[in-house]
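Next come two complexes, and both contain subunit A; in the first it sits with subunit B, in the second with subunit C.
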Partner chain A sequence: MEIYVQLAWNILTLGALFGLMAASFSVIFSVTGVVHVAHGGVIMAAGYIFYSFVELGVPALAAATAGIFAAGTLGVILNILVYEPLRRRRRVGTGMMIASVALLIILQNTLLAVWSSQTRTIDLPFLHLPPYSVWGALVSPLSVLIFVTSTIMFLGIFWLMHKTRLGKAMRAVSDQEDVAEVVGINARRVRQITFFVGSVVAGVAGILAAMLYNLDPSRTVTYAVDAFSYAIVGGIGSIPGALFGTYLLTTLSTLGGFYGATAIKSVFAFLAAFVILLVRPEGLLGKKRL
Partner chain B sequence: MEAYVIHVVTLAAIFLIATLAFNLQTGWAGMLSLGHAAMMGVGGYTLALLLRHTDAPYFIALLAGVCLAGALSAGFSVLSRKITSHTYSVLTLWFGFVIAAVLMNWRELTRGALGIPGIARPAGFAEEFPFLLLVLTITTLVYLVVDRLTRSPWGRALGAMRDDEVAATTLGKNVVAMKITVSAIAGGIAGLSGALLASFLRFIDPGTFGLPLLVLLLVFLVVGGLASLPGTVLGVVSLLAVREGLRFLPFSPELVGAFREIVFAGALLLVILYRPKGLLGKVELE
Partner chain C sequence: MNQRGNALVWVILAVLVVAGLVYWGTQKPAENNGVVENETETETERVEIPEGDLKIGVVLPLSGDAAVYGQDFLPGIELAVEEINAAGGVDGHQIKLVVEDGKCNPEGGAAAGTKLINVDQVNFIVGGACSGETLGFAPLANEAKVVSISPSATSPDITTAGDYTFRTAPSDALAGSIAADYAYNDLKAASAAIIYETTDYGQGLEKAFAARFAELGGEVVVDEGFATGDVDFTAQALKVKNKNPEVIYVVPNTPTAGIQVIKQLRANGVLAQVLTAEVLASDDILKDNPVDLQGVVAIEPYYNQESAKAAAFLAAYTAKQGNGPTFPFFAAGGYSDVYLLAEAITAVGYDSTAVARYLTGLKNWEGALGTISFNEMGDVVTQYAIKKAVDSRYEQVKVTP
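Entry: the complex of A and B
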């Protein structure tokens, strides 16, 4: 019995963490149309900056703020330097995607050059606290933090998209950019803000992930691919879809791992995304196609 | 020094084989397959595993690698025949990830991350220089075949399909059949290149055919220029020279590696931004 509580909690927290990555990737795609593979680099950059500040003795909360803000800024810079110029040159299809893959490689290797390939571990007293025991399952304080933070972030994204003027503008640009421009929405500015918001959410996920796993530049590609697969399965461009896709695949891979098929785990996520792209390119809950 | 030059020229010739096929599919047919590096992996692993576990003669194993990569690539085109070109690219990237995950996790067969050591070269070509001659001969043959294909009526039909699929269909061209055929040819040639690479390196692991290789091929292709075979030759030769030049930077190997990747990805980015036709290309990346 305890083992099932444990599994459920693991799925809940992992899904929340990767759901953040997938949802922020999805928001950016839905509003700007950019298949932002380099998102993985933004996620990791936040983690590394957080790590460096923690090492310098900066309080954890301040270090996290710095990492999150750096991620947001990085996202905006990438948009200004690469995606907007490509858009002006009307190269929004394959060219944009290759550019994003190139950016991912550049970010990954910059992290490698600055922080080396050595594995970095975040060392905070908070991470050494003993886990709580809930119905026989071990619940670490970190997993509670991950779950609570992610839930707040999801509610925040939902509030932003559906209850604010900015969110309305974002949805308008997502639906029909030209029409949005006609009614006086500055689409370029909306895209800029979207990149900031999406990258901030990615930064939060990156910092949580840095505490849960360790930091290692090769994770850049892993996170990019994970966020992309989950978003595709759920329906790229839809936030509930991103969450749904993440939980679906996390559940399947966690159960797969539990029943001894760890090797199947990574193959399975790719295969699921692949098959869904093939038979239903808009994903399970999505409306937009890649 | 001599050994080093032979090493680099062999590598250039092997990469050229893969990039020629890449250009046939992307430049002429307009299908950007991001699974190209994975197809090289299929060819390389097929050869390595057949030589390791069976008594198959070298060239039979090579042929098996070519056929399997071609068949997978063609089968993939059959599955994705109703999909737009952009989604096709994403899907092929995913197809590549699936193959990489299988190579990494099917440990009983592929030894996973341990890789396969001691891959043989064909009898009589085991030394570096004879192997180079063999590779150069194959590269020349591939160049001539691809060149002939692109100049044939079929090659012109490919160009028509790339520019306007509907128009090509109204002229009676069977677009789906062309896509499947060109995928089979490009995939098979990629498999050939991967098998030769496996023999040349004598050791492969899933990382050999991973994302860095894909980016390398993309840079060769995009910088050289789409739909131009001389452009591809120029792209491969000049960029590989740059890549080898960077090796001599006075940094630690790890830093040199990172810097090299940044330079290559940066070059790719700059070409897409400012010179989408590349050096000698005839068409732009959309």
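Entry: the complex of A and C
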């Protein structure tokens, strides 16, 4: 019995963490139209900066703030240096995606050069606290932190997108950039803010992931691919969709691994992704684009 | 930004690109003037090293999870080259390394090997670090009669990869069965779980362990693989928990994956004894993860670190890098591989067939790995050390005969 409770809690934690990565990717994609795969690098950068500050003896919360702010800044810098110049030259779509893949590789190798390929482990007393026992399943304080933080972040994103003026402007730019400009919205500024917001959310995910999965520069690509595929399956540009897509695919891969073979557990998820995109190219909760 | 500013940015970019190309151009090795002839010489004729530098290829993983090996072994290889060159080189020729990224997989190894053999026309290669990348270029290298010596490829398949493929690391056929012996005889475990990475290296150890453990009378209750790059191992952990084995044999290709597997086993309440291979058997790795790796037993090739040449190498490496190698056996292997090649070339000349013949069956060679010998298959013959993680260092439990 407790094995199933454990399985369920593991999936909840896993989905919350990767859902956050997918949602942050989706925010940027839906508003700016950039397939920002370099996002994986932003996620990892936050983790590494968090790690370095923790190693220096900075309190965990301050170190996390530094990591999150660094991620937000990095996102904005990438947008200013790469995506905006391409946009001015009307190189949207494929051009931007290629640029983004190049950025991903540059970021990964920068992490490799600065922090080396050695596995970095976050060492905080909090991470060594004994787990709670819930119906026989082990619930670590970290997994509770991941679940609670992610839930707050999701609600925050939803509130921002639907209850604030900024969110309204973001959705307007997302729907029709030209029309938004006509009614007086500064689309460039909105994109800038979007990159900051999306990268901050990515930073939070990066710090949680660093504590759960340790740090290695090659995670950059793993997280980029995961966030991208979950967001696409969930629905292009839909934040709840990103969460839904993540839960669907992580549940499939975890159960596939548990009942089938773990060596091919991601095959179960990607097979499902293939079928879903075949039937609904816009993703599960995505809206059709004209 | 205005039009002028734009133009300025492009000019700066263009200058950077051109500067980069010029730099890259100067970094390229000088063209080899000599023509390599493998086919024409007779058995007795000695082939001299062509004019110019003696080029030696290096294949190591320099990117991805496994870059940790490249970063650890390359300084040792470079150290050997510096020492040999400072002492006058090989027959008066300075050694020049041509380093390629083998990416730890067969495709990367094949690409690196193709470049070294066809473009750089090297006769000798040090590498690869991973079994996968070594097996990736082995067919090409044997076809082209290029001698390679790997410091760390341990897959049993390397034994039969060809007459020109050597290694100073032992085959896992032995390591896996030693782990099974230790689990069954010393730990008195009747049931075992295996979690392995689905690579040449991981599968080699997994097969050897499973076969030996069953032969001894034990039962392998969980035998699960994971793909390179996987970050979540909760499904494996729960499968193990469900069967409650007495010992768990964890075989990752890289430390990152191994630490994560053990961390998640513990987080899911699996407390059985963990046995692992050399990948995690490093004090550096243990110091970074003292809680998760506590009590883990690792099995790695043994060599006498106190022997004169071994100690000298470790001291020189530490002086050069500021810290000792993470994987001393393999780093010392990379260093020794250069010396082995240099010594063989000095003895029998540039002809790779003669060098291969020289290395095959080389007995009692003194180097940074202590005293080593090759068997007729080009494998090194060594002992194993069984070590247990206690506090922040691995303590030797025993050495196999």
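One rule holds in what follows: the second predicted complex is superposed on the first by the 276 of 290 C-alpha atoms of A that agree within 3 Å, B and C clash if a C-alpha of one lies under 4 Å from a C-alpha of the other, contacts with A are read in each partner's own complex, and residues count from 1 in each chain.
The criterion applied here is as follows: a contact is a pair of C-beta atoms (placed from the backbone, for glycine too) under 8 Å apart; a residue touches a chain by one contact, two chains touch by 3 or more.
Not measured: the values here are computed from a predicted model.
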**Q.** Which of subunit B and subunit C A:Ser116 touches, first, second, both or neither
**A.** both
Q: Look at A:Val82 in the shared chain and tell me whether it touches subunit B only, subunit C only, both, or neither; answer first, second, both or neither.
A: first
Q: Examine A:Leu277 and indicate which partner it touches, taking first as subunit B and second as subunit C; both and neither are also allowed.
A: first
Q. Regarding the shared-chain residue A:Ala102, is it in contact with subunit B (first), subunit C (second), both, or neither?
A. first
(Q) If we overlay the two complexes on their shared chain A, which of subunit B and subunit C does A:Val144 touch? Say first, second, both or neither. (A) neither
Q: Answer with first, second, both or neither: which of subunit B and subunit C does A:Tyr213 touch in the superposed model?
A: second
Q) In the superposed arrangement, which partner chain does A:Leu166 touch: subunit B (first), subunit C (second), both, or neither? A) neither
Q) First (subunit B), second (subunit C), both or neither: which does A:Gly93 touch? A) first
Q: State which residues of subunit A lie in both footprints, the one left by subunit B and the one left by subunit C.
A: 85, 108-109, 112, 116-117, 221, 263-264, 266
(Q) Applying the document's contact rule, which stretches of subunit A touch subunit C when the two form their complex? (A) 3, 6-7, 10, 14, 85, 108-109, 112, 116-121, 128, 131, 138, 140, 213-214, 216-219, 221-222, 253-258, 261-266
**Q.** subunit B residues touching subunit A - in the complex, by the definition given at the top
**A.** 32, 79-80, 83-87, 89-91, 94-95, 97-98, 101-102, 104-107, 211-212, 215, 218, 222, 254-255, 257-259, 261-262, 264-266, 268-269, 272-273, 276, 284-286
Q) In the complex of these two chains, what residues of subunit C are touching subunit A? A) 6, 9, 63-68, 70-71, 198, 224-227, 229-236, 238-239, 241-242, 255-256, 259-260, 263, 267-269, 284-285, 288-289, 291-292, 326
Q: Spell out the part of subunit A that touches subunit B in their complex, as residue ranges.
A: 35, 82, 85-86, 89, 91, 93-95, 97-99, 101-103, 105-106, 108-110, 112-113, 116-117, 221, 225, 229, 263-264, 266-267, 270-271, 273-274, 277-278, 281, 289-290
